[in-house]
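Following are the structures in question.
Shared chain: subunit A. Partners: subunit B in the first complex, subunit C in the second.
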Partner chain A sequence: MSYFAGIDVGSLSSDAAIIGQDGDLKGWSVTETGPHSTNAAEAALDAALDMAGLTRDDLAFVVATGYGRAAVPLAGKKITEISCHALGAYALFPDVGTVIDIGGQDSKVIRLGEGGKVADFVMNDKCAAGTGRFLEVMAAKLGVGLDDLGRLSLAAQGEVSISSVCTVFAESEVVSLVAKNHPIDQVIKGLHRSVVNRVAAMTGNIGITPRVIMSGGVAKNAGVVALMAERLGVDIAVPQEPQIVGALGAALMAVRAAL
Partner chain B sequence: MSPSELISRGEYFSQWRGGGGQVCAVFPAQYPRELLWAHGVLPMEVWDPPLAPARAQGHLQPYICSVVRQGLELFLAGGLDDVGAILFPHTCDSLQNLASLVEDYLDPPAPSLFFYNPKAPFAAAAKGFYVAQLQTLERELTRVFGPQPPEGMARALEWSRRLSELYAQAYSRRAAGELGVGAAEFYRVLRGGEYMHPRDYIPLLEGWLASAPANGGGQGQGIILSGVLPSPPDLLETLDELGFRVVHDDLISMSRRLLYPPPGEGDPYEALAESFLSMPPCSTRGSSLSERLEWLKGLARAGGAQGVVFSVVKFCEPELFDLPELRRGLKEAGLPSLVLEVDVNQEVGGQAATRLEAFGEMLS
Partner chain C sequence: MSLSAKARLQFMKDLGLPAMLRLAKATKGKRAPRAANPDFGPPLKCAARLKEIMTRHYYLSRFAPGARPVAWVTSGAPVELLRALDFYTIYPENHGALCGAQKMGPELCAAAEEQGYSSDLCSYARVDLGHFFSGKTPAGQLPKPDLLFCSNNICQTVVYWYKVLAHRLGIPLVLFDTPFNYGEITEANIAYMKEQILEMIPVLEKTAGKAFDMQRFMRLAELSKSTSQLWGQCLETMRARPAPMTIFDAFVHLAPVVSLRGLPVARDYYEILLAELTERVGQGIGAITNEKKRLMWDNIAVWYKVRDFAELFAARGMNFVAATYTNAWAETIQHLDMSRPWESLAKTYSLVILNNNLKHRLGLMEKMVREYSVDGLVVHSARSCKPYSLGQYDLKSLLSRRLGIPAVVIEADITDYRFFSEEQALTRLEAFFEALEAA
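And then the complex of A and B:
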């Protein structure tokens, strides 16, 4: 039996997925990227192979994606994260129309056409606003764990509006809001709203086609997902492991490339 | 000619000045270069001087485009100290403001000249207005540089006609897939016309067209490159690396002002006015959206392009106002588009490269 791997080297996490020829997921991993993309890619791959009980010799083809894709020498092909996210999402939700992916360094909205092919897409510009990085910086400033943001936001009884979308300005705004004794959960909800507004504005360029799914690290934040659904007026589905959608798509691309 | 033989703006400027030649710095975009040639003056166009932004920041609001910013930087760095005059065509509000800033507050080292193009839709009076503008500029050039030599205008019009033929040849060969060079080389050579005198540039262009291979350019997706100018350079290199075939462009600095019917015989001013009025549609000339859209669709059809890449200079109002409607119209016509907002001379970077690559994957 041949196996195929996809490795998604992002700015914060490097993720891998191993599948069989039939597309069945055999193993996956989500690891920290750190300073060295090549090492991160290999560590992610080895972790996913471990889970699958396989070794590199079992792999017929590897595709790399993500911003660090060029630094993965063991990949036979490099494909952008836009195409890989689209295909990965299509494999998980065959009726998907739109993917909203909010990663550590960028966010993107992808409208899908037939067979998981990209029909249109939009990516944020060189700016941390509307990305996981924005929330990471704010969580650190507030002394709250990233994993707790969603829970706190959902429990908030009100919302403090954040006027700056810029990470640098929002950081000082948050400091002064906390100094004025605004409840932290309400500030967090306001920060989530800021991310949602920023990403939702991007959808205006390409439109939203249901079914909408969210992927990327920020999709694990239930507070952001709820506000996004409210803002766009649609239900949003989140895959069980939203961080490996790109890697899964890359693995599916590897099957295609090997055929 | 190989493109490596093309000498830089700085070198050419020094050689020209060293030979006693006169220079007029010209800001974007359309101006009657034939009048300057007729006076024996070299127009040195200022589009994207490669300078680190420093002093210009202190004079301009942050939302002014990098073409104006870099142009002012060149001025403040003394890069225009040796020219005989500075010409400001009325292209957009930002350039108009730059002209006022330079003229009113910055004590220019050379006289400022102004040129007002008529804006579309061209009324019956547009031709007369353009001719009157030519006459005014002619008087100003005579005042600054002295009178035209005999046959000056006739020779300038001949150069103009020959250049029109060569530009048309370069563009049509590329659209037909019969010019085997990438985008970086194509624009490096064609941009030579921004600073070289036609006497030197025409033989270079002829040599290049004669020696350029008939095939061997990008084999991938065909695109139209629209926007302001073919810059930053790494954008073109990225397009080449990704295998895109730029089949045509709709750039303000390139086809929108280079591809027009050459001036005919008869009264030279009337001939120049007629040429100007038949230039391809452009946001800076006030062309209608429908005209621009039909033009873009026509370019795509003729060259077999599958999509359009808009490389728009950040804060370029004329271009950005048209963009949403153009994109909508192109989409309805089955032509996807991608927008990159760029600063001239600032690398487009990895994220823009990813967008281009994904756009190529989407078109494939």
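And then the complex of A and C:
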């Protein structure tokens, strides 16, 4: 039996997925990228192999994706995260029409064509607004854990509006809002709204085709997902492990590449 | 105009510069040639002639003041009027492209920003003002103008940019105001533009110190027309498979039709270029060795990335065979008709792509996709050029859906690479390549 691996080296996390020839997920991992992409890719791969009870020798083909894809020497092929996210989402939800991926340093909206192919896509411009990094910076400033943002925002009895789009200026805006005794959960909801508005504006460029899937680290934030569904007026499905969609797509690409 | 200045310009033109160019050629021969990139076909032979023409043009310009009236001109202005009065013309936009290609954009832009100009302002304007304030230029030295000649058929920014120059230099600014074409061009608009031409001639005459000769104007306008038509024919050779040149070559070979239009040297050059391209088509010589996919480009070039992009695409077997930008200097010239000189000049210059509505642009791009057998579209959203970048997402969606071709938008700037994020642009382009290869 041969196995296939996909490694997604992003700006914040490096994720890996191991699958069998039939596409069955055998193991996966989500690790921090840190300063060295090559090491991060290998650590993510080894962690996923551990879970699958396999070794590198069991792998027939490896595909790398994400910003650090060029720095993965053990990958036989490098494919962009746009194609990989589309294929990964298609494998998990065969009726997917649109993928909204909000990662560490970029957000993208992908419209799918037949067979999980990319029909069109749009990415954020050269700015961290509307990305995971934006929420990470704000969580740190507020002294709140990244994993707690969703819960707090869903419980908020109101919302404080954030006017700055820029991450750096929004940070000082948040400080002044907290100093004026605005409840933190309402500030968090406002921050989520700002991310959602930014990404929703991008969807306008290519249109939304149901079914809509959200992937990437920010999809784990239920507060953002709820506001996004409200803003777009559609139901949004989130995979069990939204951070490994790109890696899963890369592993499926590895199966194709080995054929 | 002084006699000694005239004599000096003539001497440099006939003897000084040719001697210098010979010397440069002799010393250059000793350098090892750059290793040929196997992704490209043989280079265009006339590229050496192009370089010589542009070097001469910029070098001799420093001897023009005093010998001939000097004007700084926007790329879309009806320069034929100036040709008839013997103006030596400098195109700040062409100079901006040159600075961009030499990677001097950020340095010159910063010089303008130091004087208070916003970094949101067009970088051609900032490069030009930066050059004006600092004197820095890869061309050695540009002549101070006696007059500024500007048309807002390409944008409104040029009006304010040239007003700054006019104010600082205390010289006349002649503006050709072209009403935006929302649908069909009206007789009232044509009459309005004709009246402006008639009003500006005495101003031009005063600076030139001579009378406007109608016969000479008509002769030079015809020369300008045939130059643009030849340029159009050069571009049309790219309909062939494989295309004999890439749009990245065309970005460079565009220089004479932009800045020397209406002079014999430009017309003669395109005759040589057309002959070479036609010969290449006949022999099946392509600009790239393995032309698998044919692409179209929208918007101004990313001047500091022309070579890198050319190599990136050629390595994938992708050739740009058409661009709305290069097409713009051939698109409207058929309107020029010396039986109605002023009306037709107004039409030629006011119907250019950036002064025309988006429906026109959509139709034009659709036609080009068909005529040039285009497989994919790359849209450059240029931070500097708002009129060109407005509506691009809609154009892209409409074209990609109507014609079923993949399309991608990359965000960059024409010269100021501080606003270009290479990694993000490359990821978008690679995803586009994957979609194109899967199509």
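Just so it is clear, the second predicted complex is superposed on the first by the 259 of 259 C-alpha atoms of A that agree within 3 Å, B and C clash if a C-alpha of one lies under 4 Å from a C-alpha of the other, contacts with A are read in each partner's own complex, and residues count from 1 in each chain.
Following the convention adopted for this analysis, a contact is a pair of C-beta atoms (placed from the backbone, for glycine too) under 8 Å apart; a residue touches a chain by one contact, two chains touch by 3 or more.
What you see is a predicted model; the values in this text were computed from it and never measured.
Novice: Look at where subunit B and subunit C land on subunit A after superposing the complexes, then choose clash or fit.
Specialist: Verdict on subunit A: clash between subunit B and subunit C.
Novice: If we overlay the two complexes on their shared chain A, which of subunit B and subunit C does A:67 touch? Say first, second, both or neither.
Specialist: In the superposition, A:67 contacts both subunit B and subunit C.
Novice: Which of the two partners, first being subunit B and second being subunit C, lies in contact with A:83: first, second, both, or neither?
Specialist: A:83 contacts both subunit B and subunit C.
Novice: Touching A:106, do we find subunit B (first), subunit C (second), both, or neither?
Specialist: Both: A:106 reaches subunit B and subunit C.
Novice: Kindly classify A:123 by the partners it touches after superposition: subunit B alone (first), subunit C alone (second), both, or neither?
Specialist: A:123 contacts both subunit B and subunit C.
Novice: Looking at A:42, would you say it contacts subunit B, subunit C, both, or neither? Reply first, second, both or neither.
Specialist: A:42 contacts neither subunit B nor subunit C.
Novice: With the touch criterion stated at the top, can you tell me which subunit A residues are shared between the subunit B interface and the subunit C interface?
Specialist: Touching subunit B in the first complex and subunit C in the second, residues 67, 79-83, 106, 117-118, 120-121, 123, 125-126 of subunit A appear in both lists.
Novice: Touching residues of subunit B toward subunit A in the complex: what are they?
Specialist: 336, 341, 349-351, 354-355, 357-358, 361-362
Novice: Note which residues of subunit A are touching subunit C in the complex, please.
Specialist: 67, 79-83, 106, 117-118, 120-123, 125-126, 205-207
Novice: With touch defined as at the start, can you tell me which subunit C residues reach subunit A in the complex?
Specialist: 393, 397, 400, 407, 409, 411, 419, 421, 423-424, 427-428, 430-431, 434-435, 438
Novice: Touching subunit B in the complex: which residues of subunit A?
Specialist: Touch list, subunit A to subunit B: 67, 79-83, 106, 117-121, 123, 125-126.
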